[in-house]
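Each chain gets a letter, A, B, C, D and E, in the order it is written, and its residues are counted from 1.
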């Protein structure tokens, strides 16, 4: 159990990479990149977890009454989830532009077009 | 490089990284360990500045400058999307067809829309107390607005949404964050320092500038998402290049590979398969 | 035993992530990505990170699928019109 | 949805209806805010009513936009 | 580990894993129905976790999912209308998924409402439950209507 989350994070990262490298459709590649991104979230939050801890949010618990997990990694992750979505949007916009200019989103066909 | 060689290179790379990861994970701090020096100090600092949600304190007080960078990325990628997906000279707009939607869906959307918007505001406003904040609440509110597209039609959404205003709101949110930061400079300390009175712990006004920065981010994120989706919606529904069909009659092809089997019809096919579906959906209510 | 929820959520995330990559059609992939988002939100909750889970829920449920599907729609329409020009 | 064009009621009536609909939404949404929050104090009430008003206007605008076709 | 967490785990294994499998295979209609079911079940698991960890604040997650989940399913219903209509006829399994999406909500929410101290928290919980129920019912109905022609 002590390394399971790290292994899952590594698995997600590698699976996303394989998906991107073998993709025949740029939109699918962007989706695979999203899987890669999620691996970093899993890794960061796993590093910050404390056994028996609870969220560092004091709206419904008294400060100091329970052990807390690490808020720093959570802060890193939460902004990245939203910012990552807008970056995905930018990539999708580029894919749409590629489709407009070349009429295909297959990376192999695009390479042939370039010559 | 042939596809076969490429696969071999990929396999070697994946195997190498997997081996390295497998070695490294045993050296990482064990999962669930009790030692979190940064976390403990961050919680102490959060309580000292009377912010109940330590994550919000890290984001908008202790690491506020980092968040400034994050939201600059957000602003930049929205700007990039807007530029990439603009309407070019050889493109024109077609008026989207009204979509018939089943009555219950439409009624549900019209009741749910204000509920989602208010939930978004609630999440932004209580960012420094309970889980939530500007990033989350902004996305919630912006998604709620697009219920009008998914459950009514694009024309209804366009009637209530002024992209121009939302672009301004996006910039205003960004500017608000930057200007709130200068409060620290005016008070004679560092940029983005929390200089306002801290208030009572656990209330809406606690934490000095944290709720204000949260609100600025909330406005920016909500507006950014609306502008982004406006560009995608325009491209997918309204904008056509010469020779391309509009939203009136897109075909029903499934995967791109199967589409080629269809016989090439005339450009002006009015009996595209989408038309009957749309009107048919109206009858379902 | 206390960490059974964490282990189960990790299992769910690993399955959903693998399925998302293995689904080659972007339309079907966007559905699996939606489910992956929900699984991640669950994992973040059992890792005691409700803020991050909320972020993931907000982004993953409607926003990402909507953007992917709109892109697919545009790309397919474009590809179709190109094919027609070739045929004519 | 309705295809028939009905005669438009006088302006005062329309204004009263608009105000009524918005006020109804405003009340409902303020109630919703009270359910969502944890502790009730004056600032929460002020923020809640202030947030509910534009949302109520948005609710009415959305209904009109959906009805107009 | 208390009973609520055990219930959450059980729902995760017996509900979410099969729903994930259904979302990854088969015709599009089945996948979208499975996505809707996943949304509802995730919201219920989140409510159970909030009770299990004794953190009412986690309930906000279920609330947000209850209002956004139907929007997500309607996105698919809207943009995949053609493929949904082309899906083969509904099977009993798909009907079961549609039913499970609404039938799972009342028992969980009512059980949680009984143990919550009466007050605004109970109202919030019931509101979340009602939103979930309404959203799931509307989505299932819309998907069925898309198939019905």
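As a convention for this text, a residue touches a chain if its C-beta (ideal position, glycine included) is under 8 Å from a C-beta of that chain, and two chains touch if they have at least 3 such contacts.
Chain by chain, the UniProt names read as follows: A = Dehydrogenase; C = MrpA C-terminal/MbhD domain-containing protein; D = Sensor histidine kinase; E = Multisubunit sodium/proton antiporter MrpF subunit.
No experiment lies behind these values; they were computed from the predicted model shown.
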{"item": "Chains contacting each of subunit A (Dehydrogenase) and subunit D (Sensor histidine kinase), listed by label", "value": "B, E"}
{"item": "Centroid comparison with subunit C (C-alpha atoms), farthest chain", "value": "D"}
{"item": "Most widely separated chain from subunit E, with each centre as the mean of CA atoms", "value": "D"}
{"item": "Pair with more cross-chain C-beta pairs in contact, given A-E and B-E", "value": "B-E"}
{"item": "Length of the line joining the C-alpha centres of subunit A (Dehydrogenase) and subunit B, rounded to whole Å", "value": "14"}
{"item": "Rounded Å distance, subunit C centre to subunit D (Sensor histidine kinase) centre (Cα mean)", "value": "35"}
{"item": "For subunit A (Dehydrogenase) paired with subunit C, centre-to-centre distance based on mean C-alpha positions, whole Å", "value": "10"}
{"item": "Multi-partner residues of subunit D (Sensor histidine kinase) (at least 2 other chains)", "value": "32, 36, 38"}
{"item": "Sites on subunit E at which at least two other chains make contact", "value": "53, 55, 57-58, 60-61, 63-64, 68, 71, 75, 83"}
{"item": "Shared interface positions of subunit B, touching two or more other chains", "value": "32, 53, 55, 109, 115, 119, 123, 126, 129-133, 135-136, 139-140, 143, 146, 150, 202, 225, 228, 232, 235, 241, 256"}
{"item": "Interchain pairs in contact, sorted by label", "value": "A-B, A-C, A-E, B-C, B-D, B-E, C-E, D-E"}
{"item": "Footprint of subunit E on subunit B - complex, ascending", "value": "99, 102, 104-105, 108-109, 112, 115-116, 119, 123, 130-132, 136, 140, 143-144, 146-147, 149-151, 252, 254, 273-274, 277-278, 280-281, 284-285"}
{"item": "Subunit C residues within the subunit E interface of the complex", "value": "1-2, 4-5, 8-9, 12, 15-16, 19, 22-23, 27-28, 30-32, 34-35, 38-39, 41-42, 45-46, 48, 50, 53-54, 57-58, 61-62, 65-66, 69-70, 73"}
{"item": "In the complex, subunit C residues that touch subunit A (Dehydrogenase)", "value": "2-3, 6-7, 10, 13-14, 17-18, 20-22, 24-26, 29-30, 33, 36, 40, 43-44, 47-52, 54-56, 58-59, 63-64, 67-68, 71-72, 74-75, 78-79, 82"}
{"item": "Residues of subunit A (Dehydrogenase) touching subunit C in the complex", "value": "1, 4-5, 8, 11-12, 15-16, 18-19, 23-25, 27-28, 30-32, 34-35, 38-39, 41-42, 45-46, 48-49, 51-55, 57, 69, 74-75, 77-78, 81-82, 84-85, 88-89, 92, 95-96, 99-100, 103-105"}
{"item": "Parts of subunit E lying in touch with subunit B, wherever the complex brings them together", "value": "57-58, 60-61, 63-64, 67-68, 70-71, 74-75, 77-78, 81-83, 85-86, 131, 134-135, 138, 141-142, 145-146, 148-149"}
